[in-house]
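Quick heads-up: structures coming right below.
Two complexes follow with subunit A in common, the first pairing it with subunit B and the second with subunit C.
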Partner chain A sequence: MLTRSIQRGLRIGAISFGILTYLILVGLPTRIGDAAMPVLAVAMALLFWISLRGGVSKQDVSARAPAPLFTAGTMAGLFAGALTATLIAFFTGLLADGVRLQPIFDKIVPQNMAALYGVMPGVIATEGIPALGWLRQTLFLTASGIVGALLVLIERSIRQRSFPRIPWLRWVPLILPFVLLAFVIWLGMPGVTFGGNNRGTIRLLATMVTIGSGIFALRAARPGAEQRVFGLLFFLAIAYLPFTLDQFQNSVMGIVFIFVMIGLGLNIVVGFAGLLDLGYVAFFAIGAYVYAFLAAPFSSPWVTAQLQSLGLPYNQPLVSYWMAIPITMVAAGIGGVLLGIPVLRLRGDYLAIVTLGFGEIIRLFMLNLSDLTNGPRGLLNIAPPYLFGINFGSPREIFILALIGAGIVAFAAYRLDGSRLGRAWIAMREDEDVAQATGVNLVRTKLLAFAIGALFAGLAGQLYAARQVNIFPENFSLFVSIDALSLVIVGGMGSIPGVVIGALALKGLPEVLRGVDEYRIVTFAALLVLMMIVRPEGLVPSTRRRRELHEDAEPIAGVDAPSALEQLATAEPTATQKAGRQ
Partner chain B sequence: MTVTTYSSTPLPRRRKSAAHWVLRALGVLILVLVIWRVYTVGMAENYPASFWISQALNGLVLGGVYALVALGYTLVYGILLMINFAHGEVVMIGGFAGFFALQFFTAIGWLEGSAALVAFALLLIVGAGMLASVLTGVTLERVAYRPLRGAPRLVPLISAIGASLFLQYSVLLIFGVSPRVYQKPALIAGGFRVGDVFVPYTGVIIFATSLLLMLALYLIVQRSKLGKAMRAVAEDKGTAALMGIDVNQVIVFTFILGSALAGAAGVMLGFHNTIVKFNSGFILGLKAFTAAVLGGIGNIPGAMMGALLLGLIEAIGPSALGIPTEYKDIISFSVLVLILIFRPSGLLGEVLSEKKA
Partner chain C sequence: MAMIEARQVTKVFGGLVAVNSVDLVVEERMIASLIGPNGAGKTTFFNCLTGLYRPEGGDIVFDGQSIVGLRPDQIIARGMARTYQNIRLFGSMTAIENVLVGQHVRLRSTPLGAIFQTPATRREEKKAEQKARELLAFVGLAGKGDMIAKNLPYGDQRLLEVARALGSDPKLLLLDEPAAGMNPRETDAMLHLINRLRDELGITILLIEHDMKVVMSISDRVTVLDYGKKIAEGRPEQVRTDPSVIEAYLGAGVIDVHAPA
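Take a look at the complex of A and B:
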């Protein structure tokens, strides 16, 4: 028993050492500053907690005895601490000897090492390793190992106790968005100094949480009058947002809602119809470029030449933004059908790679057809939308337009989901052959999925072009497709509120994380992997999807079971709780 | 030669419809147009034969490297039925490890020594690249893919996309933005002439090494016991497990094989292109995946053939069609789209049964 828990500790320690090494190599200590080691130790304590508790079900946690936990925790901390401290001492020794490690490891510089010892960078260069540094670091991590074991025990005792039910807690998630909205409005008032320099970022984050929690609130509300009232209030709250936010926040929210439109379109293709499309950016690009040709004909040499030869004026927009909407949408829809026809026979991954190829081809054409698209120099000075002679091109108006556009698209998607066509899509997604046998016209259904998805993307593309004013081929790289696909999946495939949540998480959060710019993508990527492991059905799964993914699995504590808050709120004890109390 | 890693359950032939004949006529039309274009351009430009030969050699070298990477995709796909989107990054990490090994051997002076010493050092450099890639590949499998075994197909794909981004930007953070430049040892820097055609030594070495590695892979998959287990797992995981095969071990072994080839490809590509940087694996991975699909994914000879074909098309295509070289990616993707339209399961692929499609 003892050897087993020691082995377990060593294994956890080795993994933690790997993670610590990674964090040191990417230069996190420099960012944290003098307190680097304590901060890392706290982070590691959480990691030790997660790995020591092991298992996923509640029973596993309850079954852990204290003694082996502490043995394993101490061993893990000691092992990870000793290894890490040795590694740091090794690097520091080299640096102190005047070896420049930067050509190999970009972030191994005296500042980084000094932060780990909590001393000034100059000390490393002159005096080498501080005395007792090794021991101090090892002890820090050993302590975090013991804290990790303690946390498991605390969790166990909390889980074993039963709590009284408080009915009014049910209202907390329902009221939360409005409290947050009040917070957002308060932050925007003149004279408020809360948050200092970060006030704008905090406000942006609060705005996004407002919208996100609002969507959860709508789902938590009881169907019927309650849901309708909250829906109306939530709608009013969102409609008020553009008028209270400042320029930067509006522009971020604008791009988020443009991506909501893209996501809703892709959701039809991937989520409803099950056609894995990796080249979705093509339709977005078609929408943007068609609008650009119409609204800025002077920046495309070929279009200018054609207009000149026809004797038409070429130095002003050909049509207004509103007149261009049907044109861009039809163009994108035709693009969708043109892509759809050749790939009708393809399935699964072949479809994915062909659509990916199609997206790349469109981008390369944009890049190289410099007569038409002006190549990498892009199309410039695209006209903003005008309404009754008022310029609608500022971030606030773009956000409003994006909200309206996303609303219309969401409504269309919602109606499609329940329609005959929507059911045909779902049948096709589940099994093409059976769908065909039951009378679904596969050609028509598939082409409609591609075309409708493309229409939405075209609409989003047009708004994007108007927002950006200048568009370049690199705005339409494969990463847009990947972003769109990720947001659909993170939100929950086939779920319309999920797309909004996904867009907030994937396009909005990185903007909030601007402060830690360097680590933005890495954090995001790691979260994506983690999310797929922990909650593959998405943040707001559609009911159907959730059932598919957890067909006969027992509810898993902390993963799928209702959260503590929800548990407290429900009047009836759920099955999990019954099982937990026995 | 039954090297396929699929079950072979051909669907019954469908009745030929009008659409089928239209499609076929379209195919012939495209073929005629391409041949006509190549013919007229060839007449007009009148390049010497040596130009074509050296272009073709270039294409073969590139194709050899693509083949090594494509094999990694195809092996994993054959067994797990998932696109290992992060495979390009495994190649890139191999390239980085090879670069550091190269620096090391340059520093201790082995690369100015005798031919045997240089050859030994080069072997070790490739070995270092392979080792780093294998470690990356195995970790990737353990962390990002194994927990998702049995999840719907899109889930591991997204996880792979996340892993790909994570690896790229971690390399960016750890090693910095500046690209690393491979310096060829003096011994292999030059080349020789056959008639009018200049053949660089690196090209010969790269092509020979890729052929050797492919042969080794073929032998492992066809002759060894583990290879047999791999084929069994690809055929049917459940039944293979019942026959006493450790499925997890076989999957790890598959990742080891694929990543080792990727590491070698990364180092050789470093010598070929002379630079390696954090995002150099991405487009390469895309190309290699294209090659694997071209040949019929999951099919080992298909991947080799598709990759060599893709390399040749990329090298010869632009000049043969008389269009700028910037369009070479368009050509390769168009070839892919066309081949999949006319042969939906790739050149050597079989008709997929419904479960696997």
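Take a look at the complex of A and C:
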């Protein structure tokens, strides 16, 4: 028992050491200043708490006894502390000897180390490692390990006590989005100085949390009138957002909701139909380029030449933004079918590889078909949408269009989910052979998934082209596919609200986190890995997905009860039954 | 009139002749059985009938038309549905949804109809759901429609497979070991259900079965396969006493171990 707790402690300690090392390498201590060690210790205490409680259910917590908890907590803290302190001492020693580590670890500078010791940066250079520094750091983290264990015990005692149900408490999540909206509006008022230089960033974050909390609240609302009323209010709140946000915030939200549209399309292909498509950017690119040909014919040498030979004007858009919508969608849909046909017989990994290639082929076409696409120089001066003669190309209007587009796409996806086709997709995802033997036409069903998914991406691509004004092949690299797939997975495969949450988390948060700039991608990788461990079904999983990933998510009613067959058997045999036995 | 007629059906896997020139006729409203030792080719033969495999030789005539070379979804559209030896439900879907997928070929709604919820689509969906509930009630799963398929008890999962197959309004239902893994009481109830399928719904049944009691009590006609070949055919009592059948099941040299019926 004791050795097991020690082992557990060492394991948690080693992981925590890794996290601490990362935080030091990204230069977090420099940012915090000379209180770095206490702040890190508090953060680590929370981490130890989560690690020590293990698991996510009530049972996991109540199963933890005090003695092994404290053993594990102390060991974890001590181990993580000793390792981290040694590493810091090692770096500091090198720095004190005048070794320049910056070319390798650009944040390992005297300021960073000094913050960890709580001394002035100059001290490191002149006096080297402060006395007792190692011990101080180790003790800090050991303390946070013990605090983490204490937190688990506190949680346990809270959970074991039963609290009276507070009826109004369930209104809190429902009201929260509107409180946040009020906060967002207040932040935008002239004269408000809250947050100082970071006010814009805070406002952006609050906007995203408003939308995110609204999505969760929509699910928490009781179905029926309450959900409808809340849905309407939430809809009005979101509709008001573009008018209160500033240019930068609108611009970020615009791209977030363009990615919501892409994600919803990919969600149909991957989430509903279970076809892993890694080249999804192709349809986004087709939508953008087709709109560019229509709205900026003069940028494409080939289109210009054709128009000239036909005697048509080529220095103005051929069709309006609105007229272009059906054209780009059809083009992207055809692209979807063209990709779908050759991959009909492929499954799983093979499908992923081929679609990956398809995405790259489209990008290479755009790069190399210079006559048509103007190659890497891109298509320039793409016309913005006009409505009643008003230019709709500014970030605010693009955000509005993205909201409308995402709304329409989400509605269509929602309706399809519960339809005959939606059921066929899910059946196909679960067992392709049986689905076919149950009457699902695989060719038609797969092609419809690819085509509808591509239509949505095409719509998003057109809006993207209008937003960017100039588009280049590198806008449509593999990373767009990866982003789209990640946001679908983070949100929860097959979940429509999940896509919105995923887009906010993956496309919105990085804009807020500009502070950690160069380590943004690493941070996200870490978050993704963490999420896949803790919550593999996504942040807002569809009920179906949760069933698939958690065997015991729902109590298995009727397992002990006799099956229907047994109940039938106990009834008197009927005339037919007797006849059948003869 | 013959509901299905297999003529000289042959299926080869590499060097193994899994089904070797098998003839089989099932008349309308008959309950026919296909029996044989493990590896005799029964399920392979089923897979040939339902289009999962394409036989190398022979012809299969279903309801007057040859169905060789058709895809499984085309065959089910013509009225042949099946269940599986190892249950293959859509586990994360509810019981109702499973039956609705079973009705897929009989429904006509289009994606656009679904997005705009046209009156025709709504009417069809409502009717389909009602039919699904009726079918669940028919097989004895009334009230369990909203349960997740994989959470149902084993016996109920078998019933749900039958209900899903019934969703496509089959004329011929192929049951692959419907009573496998069931206790005697459950087996009795399953036999009762199979009789009702024929008597009340007028469905022709072809089943694979290991359990001799099941086969003998229910079948109008029994066909015996061994090593892919048909070795006997006839009424249950004829087949039971056929020496080649006894040899196939119990091995050569064993004589007269069976008591007279």
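Here, the second predicted complex is superposed on the first by the 514 of 582 C-alpha atoms of A that agree within 3 Å, B and C clash if a C-alpha of one lies under 4 Å from a C-alpha of the other, contacts with A are read in each partner's own complex, and residues count from 1 in each chain.
Assume a residue touches a chain if its C-beta (ideal position, glycine included) is under 8 Å from a C-beta of that chain, and two chains touch if they have at least 3 such contacts.
Source: prediction; values computed, not measured.
Looking at the shared chain after the overlay, A:E226 reaches neither subunit B nor subunit C.
By the touch criterion defined above, A:L448 reaches subunit C but does not reach subunit B. Applying the stated contact rule after C-alpha superposition, one finds that A:I482 touches subunit B and leaves subunit C untouched.
Within the superposed three-chain model, A:D433 lies in touch with subunit B and with subunit C [touch as defined at top]. Contacts of A:E474 after superposition: neither subunit B nor subunit C is touched. When both complexes are overlaid on chain A, the residue A:R415 reaches subunit C alone and has no touch with subunit B.
When the shared chain is aligned, subunit C comes close enough to touch A:R423, but subunit B does not. Taken together, the two complexes place residues 431, 433, 548 of subunit A in contact with subunit B and also with subunit C.
Of all residues in subunit A, only 411-412, 415-416, 418-424, 426-427, 430-431, 433-442, 448, 452, 544-545, 547-548, 554, 556-559, 561, 563-570, 573-574, 576-577, 579-581 touch subunit C in the complex they form.
Contact residues on subunit C toward subunit A in their complex (touch as defined above): 50-52, 71-73, 76-77, 81-82, 84, 88, 90-93, 97, 100-102, 104-105, 107, 109, 111, 114-117, 121, 125, 139-141, 144, 147-148, 150-156, 158-159, 164, 168, 182-183, 185-186, 188-196, 199-200, 217-218. Listed in rising order, the residues of subunit A touching subunit B in the complex are 22, 25-27, 102, 104-107, 270, 276, 342-343, 345-350, 352-354, 356-358, 360-361, 364-365, 367-368, 431-433, 482, 485-486, 489-490, 493, 518-519, 521-522, 524-529, 532-533, 536, 548-549. Remark: subunit B residues 77, 83, 100, 143-144, 147-148, 151-159, 161-166, 169-170, 173-176, 286, 289-290, 293, 297, 324, 326-327, 329-330, 333-334, 336-337, 340-341, 344-346, 352, 354, 356-357 touch subunit A in the complex.
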